[in-house]
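Labels for the chains are A, B, C and D, by order of writing; each one numbers its residues from 1.
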Amino acid sequence: MESWKTKITKVEPNHLVTKGYRQEDLIGNIPFSHVVYLLLRDELPSKEHGEMMDAILTACVDHGITPPTAMASRVVASGGVPLPTAVAAGVLSIGDAHGGAIEKGAKFLQDGVLKAKKEGKAIEQIAETLVKESREKKKRILGFGHRVHTSDPRTKRLFLLAEELKITGSHIKLSKAIEKELEKQTGRKLPVNVDGAIAAISSDMGFDYRLGKAFFLIGRVAGLTAHVYEEQTEFKPMRKMFTADVEYDGPSEKDLP
Amino acid sequence: MESWKTKITKVEPNHLVTKGYRQEDLIGNIPFSHVVYLLLRDELPSKEHGEMMDAILTACVDHGITPPTAMASRVVASGGVPLPTAVAAGVLSIGDAHGGAIEKGAKFLQDGVLKAKKEGKAIEQIAETLVKESREKKKRILGFGHRVHTSDPRTKRLFLLAEELKITGSHIKLSKAIEKELEKQTGRKLPVNVDGAIAAISSDMGFDYRLGKAFFLIGRVAGLTAHVYEEQTEFKPMRKMFTADVEYDGPSEKDLP
Amino acid sequence: MESWKTKITKVEPNHLVTKGYRQEDLIGNIPFSHVVYLLLRDELPSKEHGEMMDAILTACVDHGITPPTAMASRVVASGGVPLPTAVAAGVLSIGDAHGGAIEKGAKFLQDGVLKAKKEGKAIEQIAETLVKESREKKKRILGFGHRVHTSDPRTKRLFLLAEELKITGSHIKLSKAIEKELEKQTGRKLPVNVDGAIAAISSDMGFDYRLGKAFFLIGRVAGLTAHVYEEQTEFKPMRKMFTADVEYDGPSEKDLP
Amino acid sequence: MESWKTKITKVEPNHLVTKGYRQEDLIGNIPFSHVVYLLLRDELPSKEHGEMMDAILTACVDHGITPPTAMASRVVASGGVPLPTAVAAGVLSIGDAHGGAIEKGAKFLQDGVLKAKKEGKAIEQIAETLVKESREKKKRILGFGHRVHTSDPRTKRLFLLAEELKITGSHIKLSKAIEKELEKQTGRKLPVNVDGAIAAISSDMGFDYRLGKAFFLIGRVAGLTAHVYEEQTEFKPMRKMFTADVEYDGPSEKDLP
């Protein structure tokens, strides 16, 4: 077995160094959200990147009881298990269809921007091509449209902040160009949703798309903890939470052969 | 089924209100760590409570690869699963023996302070009694001593901050009195550890002890995400991570009956 | 670090010995359910114990979509995650309130039988005392009553089998005596439920009560796998699964301070 | 919300029907492993398929403490959590690199057999082409070779049983042909491993490759339960389990900017 290398934390008696900084220096001096950035990037953020990171985490905290994250955590809490077990269950539901648009959306935008550079094309041209291609392949571009919101308050706020903090670059530009193209080519409004906004902004901040689900996860864990705590302190275990019309359409009842 | 009441988030089209505040107002205006406080407490923190909360989360981010949290996350990541699945595995290990000292320690301190008030006794007297009782029952008081650190840099920093922010109250006082009594009655130094410090400080901030594991969990998730990302990007799946001397001492090999 | 002892499996190149038996001997010669017994007990079951174990596992496989296990697995599957991640989410919900009656019920029965022996009393007398005590303390005896079934078909079948296989002993006797006492003292029928039946039978088979949740878990995983597979192959990700009337009763909407 | 259709279990008061059969009929009459088959296939297995299914589950129960499944479960158990939480952690590690060879291997074999039929070629020809292609693309064919065993006793036993039970068909044939081709083209022996054997056999039994991880999961849960129980009853929480040489190679220690 080779020795194991890690860039995260050096652990020695009475001495903890995380990504180069002593933990006693970080604690109370560097905002937690900036420490999150440090952990994912190897360096402390600039003032602007730090503020953006903080905003992104807050934008992910909660969306009520309807998403799989909150539902899974509350259902599992209802079985009478410890708080971390129930929070973890919600985290498990973060997948390609829930939060996954950040990861896949960021990959799509990053590939698009690379393509523009390589082919020497304007972002608007690339947007036109990408939307056309996706329509031909009947493949949705992730990060556009939302099942509840037509104008998501989180998206608007995040994009405004990105502008104020001068983070806006090619990825946000491409994201907005795709939004326009989608309306032009389909006649339907499919505005950038919160996942899409984070995909675009984090790409302009230089983040690896493979961290797409990480922002959502770290922010959402705060909301899930609140859900589990509420479930454990305000409700009885095994309460009836949801209603569903269920129809059994399996093999019809019969005797054993 | 009765209707389901929640104090966390009101979800309406284009409108998200969390604990009374519109999400677009929170994003970028209120630090993420203060939003965490809001989610767990129903109100925004004072400046001092907000700073303390932030420091507590940072104090929990990471302790290298040795604790069950990081080990579980990295082992599971090594199976070739998505990032959230591996992070969740680490969260699952937060239990009575790992992070649990915050919850149980806070309960112990909160009971102790109540007892002092009820019996009209000084904190020091109560500390003496509690240590005596625990020694008679041969039951460890949780939150004292650490397997690596004799003077944990995180603990010192957190207590200093609590003083600066004038958060210090009866629970921190009791915690320090117990530390002294432990040395007096046992002759051994068993300093307050980081769990014990958070137990004491969060109690002085008025937190429910049942949230003890929540602080640790929310902070640690940041570190776990970094571990999983490192594992997924720097190492091969199924690599040999650890060595252990294993001896099979089960029933000896035999034929089927 | 001391060497690590395990009684489960000896692993050598081309040679796997589990609880004393070569895996190639177990495979296809000993029924899987008997191998489960071997893993939990250190010896192969008698014919009777093996059949009973098999029946217990089958009795736990599924109860439709309503219990937390199935709901959690399907909700998590809906996020677009791999099959094992979604199955695990269901397993997480097995807790003190869901499946926990097997563990706690078995402990209660095992303590009751010990008490009867120690005090030289008849099982019926002990049942009377235990029910009286639980009513005085207003503490439910676990394993009696069900939210759907008044006469659970699984319970009846399991008890019948236990009789046929001559497994019936003091614990089943005590369980039935408690059922009678509950009706006598409360006037209400609270029949032994499936958890209670497994608690009684596994106790008569000599199982540690700490394995109570294990039977349920191992059986239920089969059903959860079917649920996740059905969700992944028959439904769209993020579909609306459940309806709930949700009322926000948190702090009222306001501006930031 | 449309009504929810399920083919798994009809739940009515005192009446539970799973895939067409009353649960009281299944319990104690149909072996548990055959009920697993029923849950995944919609019909009871033939005698031969039932025996094969049982053998497959047993072949997956345990491989000591080295694989991520057992390590994750034991590490998490060590945090002081309930048994199901720790078992679930092990299940989470079943991924593309651990158990995933069954799913991907089955897909590969099923595609190969289809290709042979379509192109009217012999299995041996197809094997030659597939191995050649995989070498050109430098992509491993999954299900061949093992990090511990050169002649896995489980594989041999499973293939022998498949022959005895007359389950052997094109997929097993292709699997063995690939094994031969691999040796011919690479000069190295890369025998079918246990994942590869299950991939081939389950394909010849007509199983959907998307259930590949399911067999492994359902069998392995039995072993994981034994591991967690052993950890909880024989060892102290938070014990030092593993050794690893860790080297911090992150940013070097420095003061805050």
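Here is the rule we go by: a contact is a pair of C-beta atoms (placed from the backbone, for glycine too) under 8 Å apart; a residue touches a chain by one contact, two chains touch by 3 or more.
Here the structure is a predicted model, which is why all the values come from computation and not from measurement.
Of all residue numbers that take part in the contact between subunit A and subunit C, over half occur on both sides, making this a same-residue interface.
Ranked by distance of CA centroids from subunit C, the top chain is A.
When the C-beta pairs in contact are tallied for B-C and for C-D, the bigger tally goes to C-D. Between subunit C and subunit D, the centres computed from C-alpha atoms are 25 Å apart.
We define each chain's centre as the mean of its Cα atoms; on that basis subunit A and subunit C are separated by 36 Å. Separating the centre of subunit B from that of subunit C, both taken as means of CA atoms, is a distance of 31 Å. Residue positions of subunit C with contacts to 2 or more other chains are 1, 4-10, 22, 26, 30, 64-65, 81-82, 84-85, 88-89, 92, 94-95, 99, 241, 243-244, 246.
Those residues of subunit D that touch subunit C in the shared complex are 1, 4-11, 13-16, 18, 22-24, 26-28, 30-33, 35-36, 39-40, 51, 54-55, 57-59, 61-66, 82-85, 87-89, 91-92, 94-95, 99, 148-154, 156-158, 161, 208, 210-211, 213-214, 217-219, 221-223, 225-227, 229-230, 232-234, 240-243. Here subunit B touches subunit D in the complex through residues 64-65, 68-69, 71-72, 75-76, 78-81, 85-86, 88-89, 92-100, 147, 237-238, 241-244, 246, going by the rule given at the top. On subunit A, the positions that touch subunit D within their shared complex are 1, 3-10, 17, 19-22, 25-26, 29-30, 42-44, 81-82, 84-85, 92, 244-257.
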